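Each chain gets a letter, A, B, C, D, E and F, in the order it is written, and its residues are counted from 1.
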Amino acid sequence: MLETAIQTFTSPVVLFFVLGLLAAFVRSDLAIPEPIAKAMSLYLMAAIGLKGGVAVSKSGIDATVISALVAGIVAGFLLPFFAYAILKTFGKLDRINSGAVAAHYGSISVVTFVTATEILTGQAREPGGYMVAVMAAMEAPAILSGLILARGAGGSGNQSTGEMLHEVFTNSSIVLLLGAFVIGMVGGEAGFDEVSPFFEAGFKGVLCIFLLDMGLIAARRMIDARSVTWRLAAIAIFLPIVNGLAGTALGVGIGLDAGSSAALGVLCASASYIAVPAAMRLALPEADPGIYLTMSLSITFPFNVLINIGVISAFAAFLTGITGADGGVR
Amino acid sequence: MLETAIQTFTSPVVLFFVLGLLAAFVRSDLAIPEPIAKAMSLYLMAAIGLKGGVAVSKSGIDATVISALVAGIVAGFLLPFFAYAILKTFGKLDRINSGAVAAHYGSISVVTFVTATEILTGQAREPGGYMVAVMAAMEAPAILSGLILARGAGGSGNQSTGEMLHEVFTNSSIVLLLGAFVIGMVGGEAGFDEVSPFFEAGFKGVLCIFLLDMGLIAARRMIDARSVTWRLAAIAIFLPIVNGLAGTALGVGIGLDAGSSAALGVLCASASYIAVPAAMRLALPEADPGIYLTMSLSITFPFNVLINIGVISAFAAFLTGITGADGGVR
Amino acid sequence: MLETAIQTFTSPVVLFFVLGLLAAFVRSDLAIPEPIAKAMSLYLMAAIGLKGGVAVSKSGIDATVISALVAGIVAGFLLPFFAYAILKTFGKLDRINSGAVAAHYGSISVVTFVTATEILTGQAREPGGYMVAVMAAMEAPAILSGLILARGAGGSGNQSTGEMLHEVFTNSSIVLLLGAFVIGMVGGEAGFDEVSPFFEAGFKGVLCIFLLDMGLIAARRMIDARSVTWRLAAIAIFLPIVNGLAGTALGVGIGLDAGSSAALGVLCASASYIAVPAAMRLALPEADPGIYLTMSLSITFPFNVLINIGVISAFAAFLTGITGADGGVR
Amino acid sequence: MIETVTRKRIEILTDKALQKRVTDAIEKAGIIGWTILPVSSGKGREGVWREESVMGTDKVFVLTIASEENAQALAEALAPMLTNFGFLLSMWDVQVIRGERFT
Amino acid sequence: MIETVTRKRIEILTDKALQKRVTDAIEKAGIIGWTILPVSSGKGREGVWREESVMGTDKVFVLTIASEENAQALAEALAPMLTNFGFLLSMWDVQVIRGERFT
Amino acid sequence: MIETVTRKRIEILTDKALQKRVTDAIEKAGIIGWTILPVSSGKGREGVWREESVMGTDKVFVLTIASEENAQALAEALAPMLTNFGFLLSMWDVQVIRGERFT
């Protein structure tokens, strides 16, 4: 654990995130221009999609991939129900806000996943390339369950279900992630080689600057936060722990290797702050972004990056050690 | 041909363009931030200029280069007259709009040229580095003939000829392309080595994202199009075919190799959507961008990228095979 | 000297700067989008900080480093007093503007430093990595002395000293430069390797485009300049010469090698146009940016890049040749 | 002297995500045109917001010039959204040239 | 209480490419200052446009504050362009402090 | 018909670096909200400026809607800065819905 922590806290990616947090806390005027932040998030989606697609084009789609996909989709769909129950009772949130927050926790954070991949790879536990497909598949289901929860079965929303489904599946991050995945599959290794100096060599550096920005934004949001009570803050720590451990166990249970199990755990633990907030602004404009963004971005995201990924990784190693899925070689 | 088509449609560059088209057609909100799109176009200009300059610094300027330059300039100047005649008669456009559209078809599209270079290189028919100089030389002449056509000999325009020439030659893309070309020539291989990780290694990746954006913009413009009749749409397909074949034949005729002849063909086939629209907004503000941009960007550009480059390449191979310019080795 | 000049004027970095100047003088509409320019300046800060930190993590902090740091801080604090005296007497500026301009000349220009590093490295006189720390340490002291000079001992300013110090030390460029420096030290070579394709390989190319932009801005500012008299223009040439030679001699005096002495000279010679103007807008809003930005960016910066760096480098070589600090090997 | 007529200018601050709902309402009110301006940050009863396009918290300014009558219709149509969605709406009289363009 | 005077505020939507023609007209009308604001998209009789700086279809908002008299002169000067180039112009009275700055 | 009330709209052009001083003044004048719009360039008595965020010469538009009384207080508070710092301030009456939001 200590070793993991040291590894985490000497990684430039994590250090830039911490720099962002600190800069905002000392009230520096450091800021990444808006269009650059947006472009970096698109770049990260495209790069991760391509990489996953190339990996799957090499490995093919086998039973493991299918079961990982199914596990991810089911988890994505069900996790919001668990989150919703806690948010409404312990968290004392109303129905609409509970549903909106629940959708965020059921869905995933691409950047958390990417950071985890970096850290896991550094520990010689690189997740399978197909986990990118699992990630993409987990973006949307939680939005659906969140909306069901927020609006009730009746669906008194001001948007038809058709419109809503359209919004969810044409959301820019989902389209780009899946599109790049398909391009990676079609182009394969040969196609990827041509563009890899841009999409692969530059990846970690862009991730550094993006996390610098996320650190700035997360901390500023924390400073301005009004609507987040201590109960909600506690939930924003509790959910990633429980979901992370459950997801990891699920991964090991369906026979994934340690790295991929940890990645599934991280996906369950992470809360969306790109795709889902955008969808919520449209589908549930009455919900308060001050709640769901502060919880997912300012609390859960730093907690995952700084602590929880390490915990999940250790747990995956522990579980696969027990079950022997890792071949006992550790 | 089939092989060429497969090669085209597994190239990430082309696939990202198709992704952009599809995303816009399913009405996704995917969008590249404006300043990024602009920056990518500047980057592509600078990179292509540098590369061409370095190539010419190595090869020197010989009779082939001179004749290619002259051929390009003459073609650029004359093609608009042909286009204008068709646009006014078959296309039923008024004089001002015919002149404006004709200017676009006489000038060139840097991105089409670059995409063609990628595809031709993939087919072991890389065009000579001096073709970049030819491209730069072809940007402006068509603007002049387009304006002559639009305003008539009298020149009832609201801008003096001096002002207009100034606009044309200080247009940002021309300045950057030529400037980078000169820098490449002055700095030579040694100077270029220092900056090549940025300008060369990143090139294809940036091109992918730029084409993603062009796909989005082209398709959105197509969806909103009002002013483009079926006659104009037909012209937007017809001109690149005829100009492309004519340009290729011209290239072979003046003794260029297959790759360079194909490149000249592509330059003639392509229609500007960066430099010329900007010049037209100033020089012919009465002309309708809804016509010239939709034709050049939404119809001719995709047609060239997806189909016509392959056709032109095959035609160049065929012609040089006949004339023996390719040494018969195919 | 001639050789140096040729080397300078065939470097793509310098040539892009010249292209920017020329493009603005012929009144081209070439422009780098604002958010891109800002992002490039942040990138350069982060990259240079990282690089310096890694260098220091390898070399450690010894007596040379400490004395260079002290020399830099003292110079940064004292240079404005010299500049102020000339600006008030010969330059005929009022107190507030004299103080504001003096602060710029005491502080440093990151981009001038970086360009000098490129040129010096090309001459096999690479400055020590710790010079980045010296540079960071020299950003702020001059702001303090400039404010003291502008406001007098009484401090009739509309901002408390506490607020002002806060502004200075949380200034985005200082935070990013120092933050990246620390990350470089903590992460060391291993951490840097992961991100070096982004921060190192891309560096020179980004510097080219950034200097293109600086050329454009410097020349446009020059064209619009109203408030800069010939006296001020003369000072904007005189100060970098004197400060540059003095700084170089100081470097040699405290025992630095030729490259590092030249770098110290360049730091003294350079005038800030990123951190200090931002601080002045806040602390001395009555001062005229038309004066201090035109002097530092439009006159001193081009003078340093095109001429003075070469002069300083030759002077450092000459001095170390005399004192034998360079081991006599030249 | 050039002839001017009086029209109503309406400006609405809204979430970028909801921009289409506002412009749809404009078109439904019989108004031909609108223009979108970017905004960077703000503060209201619910605290500070900043343009963060990654998270979709960006807002836009929608500006439209209309006849008195259509402007009233638009205000009526938007009123319910104002209360729930944190919009900002203000309107005033302006003079325009070629008033026939502004229905 | 601070003294305010009434001036005319004029806002013109124009193509970025034609911005200089508008600001030249402002200066020719004897008005000292102007300010440019970015715009992102819009819809008019000729359909939708979006800011696309690569193709040069971007527009800008030019805003100027002037005396009644100079404002009229400006409106007259711009009127012919309005008809051909798809400009948008509106103006109204505003109060300003230190009115001597606004000629 | 929907009920509207009259409020004062104030717009201030200021340096981005000084934005916080303006918004602090707004809040001190008892006004709840404000909105920031970007600006790209301009010309005044001191010549042309352009948005150059690297050098910090960028400006912003601050817009606030307030009661007549608070608007006057704000104008008084900003007047001294106007003279020194090259601000631009104009204000006029607008109609708003749900006027209780605008103190």
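The rule is short, and it goes like this: a residue touches a chain if its C-beta (ideal position, glycine included) is under 8 Å from a C-beta of that chain, and two chains touch if they have at least 3 such contacts.
Because the structure is a prediction, the values reported are computed rather than measured.
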item	value
Where chain A and chain D overlap in contact partners, by chain label	none
Between chain C and chain E, the fewest steps along chains that touch one another	2
Chain separated most widely from chain D, comparing mean CA positions	C
Self-contact between copies chain D and chain E, residue sets same or different by half	different
Cα-centroid distance, chain A relative to chain E, in whole angstrom	46
Length of the line joining the C-alpha centres of chain A and chain F, rounded to whole Å	40
Centre-to-centre distance between chain F and chain C (centres being mean Cα positions), rounded to whole Å	36
Where chain C touches two or more other chains at once, by residue number	33-36, 38, 197, 201-202, 278
Junction residues of chain F, two or more chains touched	37-38, 53, 92
Pairs of chains found to touch, sorted by chain label	A-B, A-C, A-D, B-C, B-E, C-F, D-E, D-F, E-F
Complex contacts: residues of chain B adjacent to chain A	9-13, 15-16, 19, 22-23, 26-36, 197, 201-206, 208-209, 212
Residues on chain E engaged by chain D in the complex (per definition of touch)	13, 37-45, 61, 72, 75-76, 79, 82-83, 88-92
Touching residues (chain side chain B, partner chain E) in the complex	34-35, 37-38, 41, 217, 220, 224, 226, 273-274, 277-278, 281-282, 285-286, 288-290, 293, 297
Contacting residues of chain F [partner chain D, same complex]	1-2, 4, 7, 9, 23, 27, 32-38, 60, 65, 92-98, 101
Complex contact set, residues of chain D against chain A	15, 17-18, 46-48, 50-58, 84-85
